[in-house]
Amino acid sequence: MRTYIIRRLLLGVLVLLGLTLLTFFIARVVPSDPAARWVGPRATLDQIARARVQLGLDKPIYVQYLRYMADLVHGNWGTSIVTHQPVLRDIKIYLPASLELIISGMILAVVIGIPLGVVSAAHKDRAIDHLSRAFSIGAVSLPTFWVAMILQLVFFGYLRLFPLSGELDPAIKLAYPMHQITGSYLFDSLITGNWVVFTNAFSHLILPAVTLAAYPLGLITRMTRSSMLEVLNEDYVRVARAYGMTERRITYLYALKNAIGPTVTVIALTTAYSLAGTFLIEAVFNWPGLGHYAADAVLAADYPAIMGVTILVAIFYIAMNLAVDIVQAILDPRIKAA
Amino acid sequence: MSAIDLAHEKRRSALPGLAYGFYLLRKNVLTMIGLLIVLVLILVAILAPLVAPYPKDASADVHIEQRLQAPSRSHLFGTDEMGRDMLSRVVFGARISLTVGLIAIGLALLVGVPLGLFAGYFGGFIDELIMRVTDIFLSFPPLLLATSIAAMLGPSLTNAMIAIALSWWPWYTRLIRGQAVSLRERGFVEAARAIGVPKPRIIFRHILPNAVAPIVVQASMDFGSIILESASLSFLGLGAQPPQPEWGLVVSIGRNFFMTSWWYVTFPGLAIFLAVLAFNFVGDGLRELLDPKTREG
Amino acid sequence: MPEAVLEIRDLKVSFRAFSGTVQAVDIQRLDVLPQEILGLVGETGSGKSVTALTVLRLLPERKAVIEGGPVLFKGQDLLTKPETEMRKIRGREISMIFQDPMSSLNPVFPVGEPLTRIIAVHQGVSLKEARERALAVLGRVHLPNPEKILGSYPHELSGGMRQRVMIGMALSSNPDLLLADEPTTALDVTIQAQILRLINELRHEIKASIVFITHNLGVIAKVSDRVAVMYAGNVVEIGPTTEIFRRPAHPYTDLLLKAIPRLGERRDKLPVIDGAVPVIRRPEPVCYFHSRCPRRGDACREARPVLAPVGAGHYVACRNPV
């Protein structure tokens, strides 16, 4: 088991290296000149040339790459061409809002998705199964940007239940200057017991979180259903029945613990993808998350920012994969032995 | 769906017999509904000039006196800020989405299939190299990857298709590699090798034809996701350009008006949703059909 | 004759499938007597296991059609019992052991989890008390170091140990009837003998009746008091073991016994029964063995033979017995 995890870790590092190489290369092939961008549209040729030297853009490309890698390891992730701030600092500002959104959305998806998948499998080919399948396929078929707008239309436009966008009302932000602990208004206000900020942040979170939950919810439901279907055919399930165990106990304990593995993988991977993959949702809800930052960087060809986000996403992805391996080993003792 | 595949690289079995396959599909209500919608969609796309009430409104026509009208008998889906009939634009949008989907998948296959064949057939270093590259591509949120590529190539529908293909090919490489690895050991391939058939010929004449069925199935299962991705790129302004009636683009422009004109984003968005849903319903039926574990006697 | 623990009358079980309905069991009459071991033999697909699963009502409701009956257990019809009542019977009054102890045990729980839980549920004791009793059960099936076994996962135990655990689980609540479905088939020959000895030993302790399902006549000869032979879902012959082995009356039983190779006997060719067990899509009033039977006559295709006595407690369903 330990060697397996070490192997996975090394593989992860390899993927990470490859990824930096790839994004670095792509970013440098971008037709627009980063140095010209850096100094702005009114700069003289001389200023551009100086910026080029300053940014190290005059060196051979492999030197630039090595220098970039050395900087990375030392925590210097470059400076964003758009914000003119260190990329790592930008990330620190945008990450909490992203995590807040992802965690709440994923909790929603897991809490609904797993039971729904289980019920669906336990009643295969009956009405409730058809409904749950239609629902879960529907959930993965939704264009998120559209759902976001429809939710805004209904819950803000017509019902006036939730705010349109953002993560906190500007007035509240001014009235209650928060001491930043985690950087997330929701968690910080919860920790400090500031209920005005908390309820406001919470009501801002609901629509984006529901939108974000849709896709993973569909995936989790489908994955749980299909692996439960497999497990419910196993001998030990029949044995449990033959010994008078209740259907509820058999389904939710004996079968589910066997079936949950692939679902855990799906949860981890979609969480990893969500870190920067939810930029459409963040755009519509004007949510100050990492996806928003990444999309802006992409559209502005802000290559230090792009690479910073890319590396963060890759690290997160590798970490999630490792977490999956560990959770699987806890769930299934046979993995530990192998 | 991509995450499912990643989590669960299922062995795909041979297709079941036709009669039995049809029996299973028919039992699957959702698949039948999906097939029906897909057929309607294809018909609408082909017959768009006949179906659309105002075919000219699909392009840059302007009737400023009819701008932003709510749905009525003459404009079932209402009109946009140029006074164009929304229904006609949605109908013509079907053409764009289906075409883009087909071409993008075709391009992804064009890249992914040969690489998968090489990786699986040759093994060793080539295999390692190709598969690690797919790992890198797959460790990135697919939409963000496509967005980055599209942003680099510049906004246009063609570039969006290329971007989608470039973010999607690794799935096919993985699938085909698995097929090629198992086919490589099969008798007819060994026999071909033994009598000295050249390698390219073995790969493309002996292995590829036997891997076609799973490719076609996987591609049709992916169609919904591809349509969704292309709509998303257009929504970001990286795909279709005005005045094209591409659904994602129309929703994007509608963002400026949707609080006062609900129909503007509702109908084109619904069109995206229904199209993706229909293809996913069909794909789900196919998946069930191919998975022996959920099959029953 | 003492009153039977289990009485099966006119039981028909069939399965719905894509290709149509297939009949798996059609038993006119089968009794299990108190404290006996009844060997149920037959080829794969002859309906032995389905019969056992029907008694416990474990067949998938949507696919299996059960007709006829009753199936009386201690005088009460199991086929009409509500599910909640059945749950109290399963594992407590009627237990079942399955063929493969590996797949019978849940791979992601220590074997003590189900064992303790079953004892707690059926005997109405606390989990702590149930654990004590589970340890005693493991001792009773001669497993060394019960403490350690209780916390072990199935993959950490050997095949024989796993089956001992299963047997312990089956007998933990002193059932009146034990259905043992090929309990030794998946095990090594030496382990088989140990398990057979264990079953024999425990049945005297517990005073349970046992239905021992197997396709292995050698095993049947060793353990059972009476033998019932099944063919194509029918019980074609039933009688005391010695009687059946000495004077088989049904041509099928006769051929089966002749097919057993014996030590010290030289034969150039093992006799085989030509043909295969028929798949019954539409039940007909015939003897299903007639197509393979060396003693068939025209009458065999005209009516269904009925179980009739040919000796003391020995019944056969054949027009033209050996």
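Of note:
Residue numbering begins at 1 within each chain, and the chains themselves are lettered A, B and C in the order written.
Operating definition for what follows: a contact is a pair of C-beta atoms (placed from the backbone, for glycine too) under 8 Å apart; a residue touches a chain by one contact, two chains touch by 3 or more.
What you are looking at is a predicted structure, and each value in this text was computed from that prediction instead of being measured.
Note on connectivity: the fewest steps through touching chains from chain A to chain B is 1. Ranked by number of C-beta pairs in contact, the top chain pair is A-B. With respect to chain A, maximal separation of chain centres occurs for C (centres as means of Cα atoms). Distance from the chain A centre to the chain B centre is 23 Å, each centre being the mean of its Cα atoms. In this assembly, the C-alpha centroid of chain A lies 54 Å from the C-alpha centroid of chain C. In this assembly, the C-alpha centroid of chain B lies 54 Å from the C-alpha centroid of chain C. Among all residues of chain A, those that touch two or more other chains are 125.
Residues 1, 3-4, 6-8, 27, 29-30, 132-133, 135-136, 139-144, 147-148, 151-152, 224, 228, 231-232, 235-236, 248, 251-252, 254-255, 258-259, 262, 265-266, 269, 272-273, 276-277, 280-281, 284, 291, 293-294 of chain B are the ones touching chain A in the complex. Residues of chain A that touch chain B in their complex: 11, 14-15, 18-19, 22, 26, 29-30, 125, 130, 133-134, 137-138, 140-146, 149-150, 152-153, 157, 219, 222-223, 226-227, 229-230, 233, 262, 265-266, 269-270, 273-277, 279-280, 283-284, 291, 294-295, 298-299, 301, 306, 310, 313-314, 317-318.
Residue ranges of chain A in contact with chain C, taken from their complex: 125, 234-236, 238-246, 254, 257-258, 331-334, 337.
Listed in rising order, the residues of chain C touching chain A in the complex are 56, 58, 62, 86-92, 95-96, 98, 100, 103-109, 114, 117-118, 121-122, 153, 155-156, 169.
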